[in-house]
Amino acid sequence: MENHQPLLKAVDLTVDFGSLRAVNHMNLEVQRGELVGLIGPNGAGKTTAFNALTGLIMPNEGKVFFKGHDVTHMLPHKRCQMGMSRTFQVIRPFVHLTVEDAVRVGAYNRHGERTVKSKVDQVLEMCELGEMRNRVCADLGLATLRRIELARALATEPELLLLDEAGAGLNETELAGFMKLLHRLNEEEHITLLVVEHVMKMVMGVCRRIIVLDSGEVIAEGTPEQISANPRVIEAYLGKRAVL
Amino acid sequence: MTDTLLQSIITGVLMGFVYALIAVGLSIIYGVMNVVNFAHGDFVMLSMYLSYMAGTLLVWDAVATPLITVPLLFLFGFITYYLLIDKTLRQLYVVQLAVTVGLQIFLRSLALIVWKAQPRALQYSIIQGNIEFFGYSILTSRLIAAVVSLIFIAAIAYFLNKTWAGAAIRAASDDLDTASLMGVNYHRTYALTFAIGAALTAIAGGLLMSFQQTDPQGGMRFGVLSWCVMALAGLGSLPGLIAAGVIVGVAEAVAVTFFDPRSRLLAIYMIFILVLWLKPRGLFGRK
Amino acid sequence: MNIAAFLKRNVGWFALLLVAAVLPLPLQKQQYTMVLFMLIVLYAVLATAWNIIGGMAGQLDLAAGAYLGMGAFTTGTLLLRWEVTPWVGMFIGALMAVLLSLLIGYPLFGFKIKEVWYALSSLALCEVLRVIFLMWDEVGGPTEVYLPTVNSPLYSMRFTTATPFYYILLVLLVVALVINFRIRATKLGYQLLALGEDEDAAEVLGIDARAAKLKALVIYAFLCGLVGGVYACFYGYLHPSFFDADISTEVAIFGIVGGMGIIYGPLLATILLVGVRELLRARLGGGLEGLYLVVYAVVLIVVALYQPRGIAPLVSSVLQKLRNALAPGKKEASWR
């Protein structure tokens, strides 16, 4: 029965910071197996929406459903145990741990002492972090730390992964590799992905469905082609990001 | 019964203003610089001893001693900042704790060497006696202490909101990196903040010496008090600090009068724990 | 892992243990030195236990004195009232300390009280208990309550010299170290380290922050409670000052100065700092009261300022260099 429901569903989700409404009655559905992009100009409320979806902040109104269960008031670790994990836009590394140990923290989500090591090895290999497994996170660069954060989240064996600008700051080749990894996760590992990205090329290239957020509201939704032709989206972007 | 209650409430309210003044110092240090100063109570202790010195050597009245102790504490805060605090800004808060606990031990043992263990008090004050107030008698010295404290809290509020240096302090409170990007020399601003925080304890110290004694261990109580007041008030609200100071003062006075003189700290700690549990952001907090 | 390899890998620890075990033999007659060594071991147990909640989980606990006092009063009162041997009493005392830690930890961790605020509320716990026991005349009160010698000195743990206490505490130290190593190598250790670094990040990786921190707190409180039982028997009396805020802060300082989360750090810091302090006291104590503490404070500040990651990393890098010089090419696993 679970399978007929959307994997993730937000109903009327609203988050206020004092008088500022960061997310405004947002409705969103993600089906199992999808690869959805969430875009919007700076300050649109994407990160805040992620925080509410993963339980790091409590929404002021609205509900979040995961696999058909109401998880609105569930703590983040419970959601992770149900199969939801994420990365952070402003990276939050475990700076004094080695790469291997950081990934191991995530791997314990579904593994005991006996199998945890092989899970770590598998994830390190998939994210091409094998050579630096004994390096301490404090010594590594931003791009690598983002990859470690992804690896950490993957090690929890999520069904739904929320990536907050995980591709930011990558160069052309790195970006291509990253897009390939996302495809692989989605198709081979059957992980449903909800990704926030500013790099348009990447969103358009990788996502099959895109949701556009502006001032906390969903203003458009559709395929990459529909989105790039949508006048409201163009206006939202041009209006706010004329500087770029 | 109600008379005694009202009497102790009045005493508590008056003390509360002095507590608020002490807590304002701690609050701007913590709020602006995010520095955890565990030695703040010992700054008060140091101020009280310096007042004692000025009072006995120069034969000054306790309430006049801040004229000397405020510049001294300001200087002390300035030096302490550059010697110690500046180096801990980008460290984990536990390093700040270790350093300021070191400072605490330093000040306490210094006081023990210079002034020995027995409590010290000033002989007399011109502001002796009581004032009758609807049948309740109020120690004049306490009344003056409360009024002066309020005046200085107001002065600090004016300084933070209306002057350029105050604006720099508020800018630096947002974020170290942004502030330095905006051209605020945060070292100097922070040094100023820390020195002001320390200087405020000198005013309180002088006022307290007009009706209290001091001993090397006395800093503990004021440290606890001011953190408690800050927890109650939440960050960034001066009226909140005053209200919180009054609550703490009254709780202390009532506990001492009706329960047991030994329970004064108990009352404060109970409030502290309860507030943290029930209102982690303070009763009047803004953040 | 076979035993020979295990012995070989931990040769340093076994050598240390051997030295610690035979240390009292030549010093039997010098009671002052023996008491000093016992105190160092006592602080070392507390600081090593603190490493679990403070160093690994990053919770700046300042309630060591509270758990110690709880253990002391439970053990002492059991002996006094019901003639229960402290050998059993100390475990009951440790359980009482655990109960207390749950009482305070459950709400504090639930409300996500952290950093200074956690530190202050745990310090508050210590002070609150001190005042309560000061006013509670049946058990505490302002005068010392002396412990009797029931049956035999062994039965009531009332030895006349410090040496037996030294050995008891040494056993506790070994236990505390072994527990640390066990935790560090398993799930709980990884969870605590992650929580200590970044709680939100740890939570979205499936870590139950409250449960993990409570486990750490309980283990720490248990060890402190055990020490408390021995503490009461060593002093031979009970007094509310056992709920000692100074011990609490000192223990945390040893943990921080040693190096957060490094298992042998607190031990190292305790030996060095208590050693320095007592040496200074012996040298300067005759002159001005408190001078040794001034110097001690300066040492503490200098170490904290110039070695903010703790002294343990310094020592391990020196050890590493030594090892490289002796056996080049061999790589050694990190101590953490």
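Which chain is which? They are A, B and C, in the order written, and residues in each are numbered from 1.
In this text, contacts are C-beta pairs under 8 Å (C-beta built on N, C-alpha and C of every residue); 3 or more make two chains touch, one makes a residue touch a chain.
Remember, predicted model here, so these are calculated numbers, not experimental data.
Interchain contacts link the chains end to end along an open line, per the touch definition above. Among the remaining chains, the Cα-based centre furthest from that of chain B is the centre of A. For the pair chain A and chain C, the distance between mean C-alpha positions equals 42 Å.
Put simply, the C-alpha centre of chain A and that of chain B have 46 angstrom between them. Here the spacing of chain B and chain C, counted between their Cα centres, is 32 Å. Residue positions of chain B touching 2 or more other chains: none.
Touching chain B in their complex are the following residues of chain C: 60, 107-108, 111-113, 115-117, 119-121, 123-125, 127-128, 131-132, 134-135, 245, 249, 252-253, 256-257, 260, 288-294, 296-298, 300-301, 304-305, 308.
Listing the residues of chain B that touch chain C in their complex gives 30, 36, 84, 87-88, 91-95, 97-99, 101-103, 105-106, 108-110, 112-113, 116-117, 216, 220, 224, 227, 231, 260, 262-263, 265-266, 269-270, 272-273, 276-277, 280.
Contacts from chain C toward chain A in the complex involve residues 186-187, 190-191, 193-194, 197-198, 200-209, 261, 334.
Within the complex formed with chain C, the chain A residues making contact are 54-56, 75-81, 85-86, 88, 92-98, 101-102, 104-106, 108-109, 112-113, 116, 149, 152-153, 155-156.
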